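You will see chain A twice below: alongside chain B first, and alongside chain C after that.
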Partner chain A sequence: MRTRLRKWSLWLGAAAFLTLPLASWAQLSTFDIETRIGAESHVGNITGHAKDAKADYRRYCVGCHGVLGDGNGENFPWVDPKPRDFQLGVFKCRSTPTGTLPTDEDLFDTIARGMDRSNMPQWSTFTKQERADLVAWVKHFSPRWANEKPGAPITIPPEPEVTPERIKAGRDVFARVQCWKCHGVQGMANGPSAATLTDDQGRPIQPFNFTEGARPKCGDTDRDLYRIFMTGLDGTPMPSFADNIKPDEAWDLVFYLRTFMRQHSKEKELAKQLGLKPVDPNAPAPAASGQQ
Partner chain B sequence: MRKRSMRSRYNFAAVLSAVVLVCCGALISNQNVSAAGEGKITGTVKLEGTAPHMRGIDMSKDPYCVKASASAPAHMENVVVGSGGGLEHVVLYISDGLTGGALTAVPSEEPVFDQKNCMYTPHVLALDINQKFKVTTSDQTTHNIHPNPNPMTGNIPWNQSQPPGAAAIEKSWKATEWIPVQCNIHPWMHGWFAVVKGPYATSDASGAYTINNVPPGSYTVTAWQEDLGTQTQKVTVAAGAAGSANFTFKGK
Partner chain C sequence: MHVKKRLQRCNFAYFATSLSAVSLILVSVVLTCSQPANALPAFARKYGLRCSACHESWPMLNYFGQKFKDNGYQLMNDRDAPIWQNPGYWPVTFRITPIWHRVSTGKVEIDTYSGGVVSGSSLQRVTSSGFDLSGLDFHTGGTLEKNFSFYVLPSSDATASFHFETVMARLDNLWGSPWLNVKLGKFELDNLLSEKRILTLTGNGGIYQLYHFIPVGDGNIFGQMGDNQLGVEVLGHSFDDRTRYSAALLSSNDGQVGLSYGNAYTGFFAASQAFDAGRAGVQRIGFYAMAGEAPTTWLTQGGILFQGANGTGPSAIGNKTFSREGFVGQFYFGPHVDLTVVTQHGEDSAWFGQGYGDLIDGIATANNTTGTTLPAGARNPTWNGVLFEPHYVYSPQLIFIGRYETIRMSQQANGPGSALPSASNLGNISTYTIGYRYNPFMTSRAGFAWHNEYNWLHQDGTAPDGSNINTSELLIGFDFDF
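So, the complex of A and B:
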């Protein structure tokens, strides 16, 4: 045990030295991780087993996410944003509140979807069983699942009809909670705070630019957009607004975000007809109307 | 006031409990037992030598912040030295010697961490494990409050927005850790949640502090300062009396 520990600390020490400016918090050994090889996932009526994903992980994921799941795979130096460190149990794409674990479905969807504007590929060729096994495997790296349950997914009410009034109201929400401080008044990722943003490991990170035609990492349906700003992207500056935007207002905001996007949409059309102007960054702070 | 468990395996505490039991009889069940032998630790924290320069903060990213801080321009708060060399925002806690209820009791007060004039007040908020605290905003601009603990400790990072007038956020931490907290919208906003186990204090503007609710015994007291590190001292507290420990950090 002692020599094993020392070997690992040397190894980790060397790894830590190599990646010094980007120091990783992860510190678990294979021994530690092996104790959780029994981890499971439950997606619909499928049960995933970590042990069944070992081969797939080694073949398809290890080059980026690393043998220890700490994101320190051989591609680490060349990849930006960095591969996720699974030992930390902190994930961007969640249906659950900020600071809580994602559901198994969240991880299941993420693996198939991939993450746009990153090296995380889309994995649509796995069977559902294989994907569920990979979810269990991802979970087995972090002690968090042994001690905590995933958060309760937020409820998303049915999507209302898009109207010009809703788009205008959405612009007011965008102004009131000041998304533009990071994303810019036209969604071009050039707000006054955009230049100084860093992720939880201190690496520079850009806000999402709505106008470039890129897809949000955590999905590009209207429901995905709703979920993204209500739960936040943990590990990044993108905060949760769940306490400060009411469900109805959240749909208004989704519609307003669509008007920035390059892709053609009904919202874009309506905004044009309305002659909708961007919010004025110098206007005094709007009244706090959205309190619950 | 701290609630305290009577179950202690140590003879000393058992004898003390027995004495208290005899004295107070039935009253005990509803009362705070510790008051009888309660002591405290007091002292002052000073900085010796030249205080490092705390540069002024440029808030021009946000006109609201510029206006809000116009009457009292803000400076960095890593090392805050008051008159007479008193060092503010130092966290003092008992790092060794506490046992039983004195160690595990969780204070019921809920301290407040406020966002005011685009700064954190207080700059360092000391907390016990599992002690609830509130994050509030007094500002007319949106903040995002983003503590960044190491998840391997059991403390989990979160990131929530607080627009003007937003309700308080109530939280707690699971493990001892110095947790940096940041606002990404206003990157100069930087503070700490100092999570310790057992009674603690934070030094005031004159460097003075008092750790209350300390049962009689011999302890190691640790002083933590975010830039200057930690120092420790041995202190003995007699029943109902105050132990004393003064700390001196060296300026660079």
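So, the complex of A and C:
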């Protein structure tokens, strides 16, 4: 009887010992976040202050992104893709190179744009000041902002004129860097790798289907498309191609992507006139135009 | 990890702060952290949004909620079509309110007795109190497909006798433009300060007097902006909903089905523009105008109202005009304080003023038959009114509400030249309402408010002896939806 009791108390002691650090870790993380409440954002001539976004975050965002900004709001189980964990400081929509932090403007734009094909709404109803405050608030959840500066935004050359040659050249880029492996040869999100993709959290993720009429999450202007594949969507398998595609070719690729999209465009019309065929996955990769 | 989860589910810090503020008045409310089970309001659970995202305080919309509504109950994130929902999803919300209330009406003519028989009458204050129910609202709404939306609201009185409060389908974003949407059916007029989303529940405080005002003796029920109307509406807005407009063509029948009211139509037009004001928030100003015609002449058969087949009688004619117009302002002073102001100038044709108008409902006292003339001194009744509604939003879970409305006649139907000229203040109304709503929890699944409210209404000259009447009501209840 005695030995049993001792055995139990030993187990209990061990359990208590093991859970203690867990509990204090949770405390610490709240504490950590509190220490960064002075976070600011700078958008144009507006300065956002994290502390001023507290009420708005609680009213509008907390049900998904959670009190601690870890994406663990009450809707976490029901939402797919999952609400973003702001503590990680990893963002899809950036003007900055892959792996770096986004600029304040990037977050500012994202909040108003929302994220298509997800539960993240378009929060375009805030004043600019309120939105800048929310940017600062989003930043205050992650220690990354305390230690790193945002990356330098990539430079996007002015958009050239669309020509049939450029669309054809864009098709060659699409074939060479193998966008089709994920997105499929017709942009229908059915490439050979599509079914196996997971994001950084190990959750299954679909490539973008260009043909459905949906808007890309990170914006649907030509410049947005350029930025998307030249910076990548961090946290997802959608990589940055900044090292493989030259700026001029990048515009060709933008034009080619437009030919997949359901929305009416000049590119779509030209592609039709050209009788452009989808890339052949089995053909030898076309040589890069004067590359390397 | 567990600690972290618990922290989120049951945030004591939030409760503690709100509790300290309301503990004086809320002694009887038991605060628990339990999540409400299964039942779910339709939109919140469809999108995973908390009530507070769309409602300043449920059911009143905030700007984000207004935008959602203007988009046809869509977030515009390519997940609006019902096909994206779990097939078990059913877009239905129930709302009902068990209450206790005390109503006190001054100067009611009551029989007096002597020796067990009626000997006369006297004016008395009548006060009644007791437990009671509101009606049941059965909201169903959302999308049938992307850019095809609907709303159906069978609504009952407290005895479960139902009518259709709202039935409408909408074509959204025609030609891909938010500027063009069309809705058809029975719907609420585009009132920025929505009576259907009013935060108060008493008999006189649960409506906006401004939206229902009818001069004493007037027979026109058709200008009630607060009632849902049958018609077609074209509406549109800028992408971020800062600029919005609507134009509706309505049957002049105050939303009543059947064609009994004949061939009269009313137009309702509203527009508004919002402005950024930094941390103060988005401010909005707008105007509305309602102008219409409604019947005063009723066909009779053997002296009684003609009953046509299929509800087409008594086919009124003799249309006369009426109008209502005013400004609306929604002003925000940071996240806690806001003020809505609505003004109204109203005018009815002199015919309505003389008691011609809706004979079916019985408010009209005479039929405008061939050869009828207006009495001497008959004029168009006109009036001006204003409504102020300030809120103090302590948090998404606790709101304090105030309202003051006053409506003054500027021209009585019976002018100085008439046989019995009306006192210039006859029928003037002043009313105030104060109250608060406390939501002990705020999730994406159900809504529950502890509601407490007091209304006082004063009307000039409408007591049986021509003096003024004061009515008051105190109401306490649980307002919930799921």
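By definition in this document, the second predicted complex is superposed on the first by the 259 of 292 C-alpha atoms of A that agree within 3 Å, B and C clash if a C-alpha of one lies under 4 Å from a C-alpha of the other, contacts with A are read in each partner's own complex, and residues count from 1 in each chain.
FYI, contacts are C-beta pairs under 8 Å (C-beta built on N, C-alpha and C of every residue); 3 or more make two chains touch, one makes a residue touch a chain.
Model, not experiment: these values are computed from the prediction.
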Following the superposition defined at the top, how do chain B and chain C come out on chain A, clash or fit? fit
Does chain B (first) or chain C (second) touch A:Pro153, or do both, or does neither? neither
Touching A:Pro164 in the superposition: chain B (first), chain C (second), both, neither? neither
Please work out whether A:Ser240 is in contact with chain B alone, chain C alone, both, or neither, and reply first, second, both or neither. first
Examine A:Asp52 and indicate which partner it touches, taking first as chain B and second as chain C; both and neither are also allowed. second
Contact-wise, after the overlay, does A:Ser193 reach chain B, chain C, both or neither (first, second, both, neither)? first
For A:Met115, is the partner it touches chain B (first), chain C (second), both, or none of the two (neither)? second
Based on the superposed arrangement, let me know which partner A:Asn282 touches: chain B (first), chain C (second), both, or neither? first
Can you give the closest approach of chain B to chain C, taken over C-alpha atoms and in whole Å, for the superposition? 15
Which chain A residues lie in the overlap of the chain B contact set and the chain C contact set? 26-27
Looking at the complex, which residues from chain C come into contact with chain A? 1-5, 7-9, 11, 14, 35, 45, 47-50, 52-53, 63-64, 67, 75-79, 239-241, 276-282, 335-336, 395-396, 443-444
In their shared complex, at which residues does chain A touch chain B? 25-28, 87-90, 98-100, 144, 147, 176-178, 181-182, 192-193, 196-198, 200, 232, 234-244, 282, 284-285, 288, 290-292
Counting only contacts in the complex, chain A reaches chain C at residues 22-23, 26-27, 29-30, 52, 55-56, 58-60, 62-64, 66-68, 70, 72-75, 78-79, 112, 114-130, 133, 214-215
Which residues of chain B touch chain A in the complex? 61-64, 140-142, 144-146, 148, 150-152, 154, 156-167, 169, 184-187
